[in-house]
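Only one structure is covered here, and it is reproduced in the block below.
Letters A, B, C and D mark the chains as written, and numbering starts fresh at 1 in each.
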Amino acid sequence: MSAKLKTAVLGVSGYSGLELTRILERHPRLEKPVLLRRECGDGANDLAEIFPELSGNGGYPLRALSWPELKRQGVRLLFLATPYEISRSLVPEAIAQGMRVIDLSGAWRLKQAQHRAIYSFQDDDHVNTASLTEQAVYGLPELNSDRIAPAELIANPGCYATSVILALAPLLKAGVVDRERGIISDSKSGVSGAGKSPSTHTHFVSVADNLSAYAVFAHRHLGEMVEQLELDDEDLTFTPHLLPIPRGILSTIYVRLKNVTRPAEIESIFRDFYSPKPWVRVFATPKLPQVQYSLHSNYCDLGFCLANDGQRLVLISCLDNLLKGAAGQAVQNMNLMQGWDQREGLQ
Amino acid sequence: MSAKLKTAVLGVSGYSGLELTRILERHPRLEKPVLLRRECGDGANDLAEIFPELSGNGGYPLRALSWPELKRQGVRLLFLATPYEISRSLVPEAIAQGMRVIDLSGAWRLKQAQHRAIYSFQDDDHVNTASLTEQAVYGLPELNSDRIAPAELIANPGCYATSVILALAPLLKAGVVDRERGIISDSKSGVSGAGKSPSTHTHFVSVADNLSAYAVFAHRHLGEMVEQLELDDEDLTFTPHLLPIPRGILSTIYVRLKNVTRPAEIESIFRDFYSPKPWVRVFATPKLPQVQYSLHSNYCDLGFCLANDGQRLVLISCLDNLLKGAAGQAVQNMNLMQGWDQREGLQ
Amino acid sequence: MSAKLKTAVLGVSGYSGLELTRILERHPRLEKPVLLRRECGDGANDLAEIFPELSGNGGYPLRALSWPELKRQGVRLLFLATPYEISRSLVPEAIAQGMRVIDLSGAWRLKQAQHRAIYSFQDDDHVNTASLTEQAVYGLPELNSDRIAPAELIANPGCYATSVILALAPLLKAGVVDRERGIISDSKSGVSGAGKSPSTHTHFVSVADNLSAYAVFAHRHLGEMVEQLELDDEDLTFTPHLLPIPRGILSTIYVRLKNVTRPAEIESIFRDFYSPKPWVRVFATPKLPQVQYSLHSNYCDLGFCLANDGQRLVLISCLDNLLKGAAGQAVQNMNLMQGWDQREGLQ
Amino acid sequence: MSAKLKTAVLGVSGYSGLELTRILERHPRLEKPVLLRRECGDGANDLAEIFPELSGNGGYPLRALSWPELKRQGVRLLFLATPYEISRSLVPEAIAQGMRVIDLSGAWRLKQAQHRAIYSFQDDDHVNTASLTEQAVYGLPELNSDRIAPAELIANPGCYATSVILALAPLLKAGVVDRERGIISDSKSGVSGAGKSPSTHTHFVSVADNLSAYAVFAHRHLGEMVEQLELDDEDLTFTPHLLPIPRGILSTIYVRLKNVTRPAEIESIFRDFYSPKPWVRVFATPKLPQVQYSLHSNYCDLGFCLANDGQRLVLISCLDNLLKGAAGQAVQNMNLMQGWDQREGLQ
């Protein structure tokens, strides 16, 4: 049997980083991952100091990032669970050092400059970043597995984007959607999607017993959806909402079909598209996914409801934003890059 | 100064009944309301036995329903916070007894038989119910105040319906909506909207950390919306969701405008429509209502966001399902029926 | 009828300040209160900018603190809902200006220097503060109404302290408690008690689906309890916990009775103590208060359960930390200071 | 390597049954478990119909209980996650059939008749049940591992009882507790501990934004605690509370030490007792466990805080009521019965 892979993770003190650390630790084909802290960290020497839930398990030592040290340890795959600016500045060096990278931030997901404008980096003036932007593969395994396998740099998708793209891709590919009539995704996310930094918006009293819409027409994940689904910007209306739950996403998506259609045809389109793919579950109508069903799993659950007119279609897409929407999907990408079963380490 | 009005409430053991009792108790123009229990009640003699939060306030005695007794006490207005079947059977007698009625159920809201079919009563074979169905006034004060004032029977609107109709009515009246493109309301409600009867769906563990869609294309309040907004059934897609909060509704509504429009024009349409109306608050873009803002108040809060294309419009409508969506609106209707200020007793 | 009282509030941008503003606004014996902002405020000109739930009500203008201006407006009573350091520095001047003050912070609650040490101010070197510390009346109306009425400076009690003192005072006064055996209060509070400043501890993801104890043996409110109940420090063990709810406190209090006692005797002790007091409700065993029952009210609810041995007694004390635990109690104190009914403006 | 063990589970439609099914499915030393339904079941043929979160995993067929069929399939270990009455009636037959049994209900936990009286079965008139009651081993691995290993019938402990016993056992064994002064456990549990049957008490609106004490001095788990800790009934006061969270228990336990003690001594007592035991984590003071830390794990977390007087000791004990408090502990017991590592299948 082949030797185990050595990996490293930078940015383990956030919610996605914690989930990623847990999965990598238990993954049967990996050595214990190297956990890296950013210099401006809070001084913890072990991740269990930050997350006491990790205690009693032999320790999770944190090390400062050092390229020579990573090389010495034989790290061949680096996960970045860092803010996009950090990722933007570190990835070129990591690639130059011969590592493959899976980046969980938005730094490398967008190909079109008008979409990248929503981030504050200015990258296209630098040969290397421009080239990496081009090379980076959008790591949605259900769509791009062929290009993920050999990739040097994976841009792991956004959580909202994953829920919306997986719901729409089969229908758009099948050509049944009347794009002229517009596509709407009304999406709702748990608070961990907003990150771990305290703010007025994430204060318990602001979130509990509440629901709020935000970033209407202006969320960063919109560009990913449009690019991956090959839509025009105005084809898709996306409204995110903040739910009073810690984790989980539910997207309710509205499309108009070109022709009068039967529910069984819709179900077939989804089943044909996803039948060989282990991490998407298609619900038979009238059963619909709920946030709870996919929590703590790497599944994206899809269900639908078709109006009696046979044209108005409501899709429900659920996933755990920290797993299929972040860390789990990153591991699924690693599995593809290594030629392993996509389920490895994720069950 | 005129004598105070004597009222009675049947169905006080539910969530709306509790809120209604509290408001009526404090209403400066009312005598202490008579609280009636249904015969199949749980035997409580005082409402504070069911709702200990009411204790220490002098008692809330429950009495069995008796028409002669109500007459003897001079009750001139009866509130029904009962299931629709009860309301359907009691209202004809109440009207015959000379009382005016405000009914909080769905029993009398719908004029079109194809919409009423979603309820299980068969009413049109009976002269009196057919006639009452015709006479009943849909008690949405912001739309129907002229007809509410003299009405004998008020059908108090559904909570979802109130949130959707109030958001859409000004735009439809102004003629700016492209109905051909379809209107969508993605609505989310707290659990009290599902009533107080325990069920698998309202079990804490089923609701907490969760979000679920239900009754897609098939919710009872859809008929109310369509009738009041004078839409065709297929013009409006309505998807309710169950939120992990006790109370509150947020509807995210998607419309397409006929022409390219500026935000200020949208705001004007709303302000013109609602400026003299005390219980609707219009938020200036880009501020949006949140569920918390209208909790424990009788306000319906409206806000909007217009895409850069000037045609895709997202409306946000929030209210407390037990107040503006039920008991508060019932009192607002009573105020109109009595010729009082609509705010009386609701602040 | 006498003229209405003019009041001012400093510190309206916190949770208690908001509640206080709402109550004062509606209080029938007050003019509209003057709302003051601290200089280091966030620049809002109207409180509705900070709390959109206040919008649509005619405006809540914020003014900078100016003694001459307050005098010019005839303000005779000042509420401080500020951090204790601010209160410590402002109260001497306010008193010197001839205003009466109700301070909601911990600045003036403690008489004994060893208890005050838990706060970081050094006050006893200053004649004026030392004297004010002495004069300040602990504003718990159920215990100190005689001294509250004429007071210049009210130290409004802490939320935990109110729940614990009100439960224990009748029993201690009756002399039935075996103090030798120790008294324990295991108290649980909603998150608003921790204030509005964002922190890791108040992040939604840290609080939801969680419960945690904190400040064991070391909470600031312990000194208040001990002083007001005339206990020795070691007589009382107090453990606060952070509940995943926005507001509300439940204290479970354990005492050992000196003699074997019947439940009816305990109930009598409570009823005798509280019968003429409007804001404490005594529950008849076996009924126990729950957090929900007193939410959004000024009640403190008390219940108890006595073991079969007739000596082990469990007390349950519930209140809304923002009302009876802060703003409501402040208004109750004002009512006493003005010679009004204690219920005025609080129903 | 030895053949895998064949197990069966009766009562998989409850919360503990679901967790148990998931663990057994993944346990590396087990064949796929046989899932049994009670005859009065709801007719589901596959557990994924009841718990959609299980779908997409190859199916969880439910079979009717048949002793010959279980024998034919070679089932040697039976888990019962059923109400205690069912367990009381089935276990004698299961044992007679030669199976070993791990019962998750309260049916076999209590040795003393006065404690069993809280359950409604009358058992001691039947030779077999009386004998089984005697033989049954209380399955708390940290205390009884020697007797668990060879047992035929394991009475899996109650969730509250586990949290309290594990916190107190080391101190009582060390003889440092002043029992005369009384021991108090103020415990708080998530709602899944109340079971899956809908009721007024588990309705979302009754639980959310609330906290309530219940069954004071009268909870069924009290007998277990007293028997296992070899206390007199009046030594221990136990107050359970219902938390607005789906799962997790935190017990705050108050003991008085006989002698003035240093924190390091307390920590030593715990570390010595638990150092070779994998599923208890001892927190170094001043760090305290929180409910979140042990959620979704089989850990019981213990921490403590000692007053400056060196005698008043507060213990914090946390666990996941469905894992260490039920299904996880059952699997830990199975591991001991089979001579496997206690961690097997639980990580």
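Note that in this section a contact is a pair of C-beta atoms (placed from the backbone, for glycine too) under 8 Å apart; a residue touches a chain by one contact, two chains touch by 3 or more.
The shown structure was predicted, so the numbers you read here are calculated from the model rather than taken from an experiment.
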Point to revise | Pair joined by more contacting C-beta pairs (B-D or B-C) | key: B-D
Exercise for review: Sort the other chains by how far their Cα centres are from that of chain C and give me the top one.
Suggested key: A
Point to revise | chain B and chain D: spacing of chain centres that average the CA atoms, whole Å | key: 46
Revision key, fill the gap. Between chain B and chain C, the Cα-mean centres are separated in Å by 37
Practice item. Identify all positions of chain A at which a residue touches two or more other chains, and write them in rising order. Key: 206, 208-209, 244-247, 290, 292, 295
Review point. In their shared complex, at which residues does chain B touch chain C?
Key: 26, 52-53, 55-56, 208-209, 281, 283, 287, 289-290, 292-297, 299, 347
Check your understanding: Tell me, which parts of chain B touch chain D in their complex?
Key -> 15, 191-192, 196, 198-200, 202-209, 244-247
Revision key, fill the gap. Given the complex, residues on chain B that touch chain A span 181-182, 184, 186, 188, 206, 208-214, 216-217, 234, 237, 239, 241, 243-248, 250, 252, 254, 256, 288, 290-292, 295, 305, 307-309, 312, 314, 316
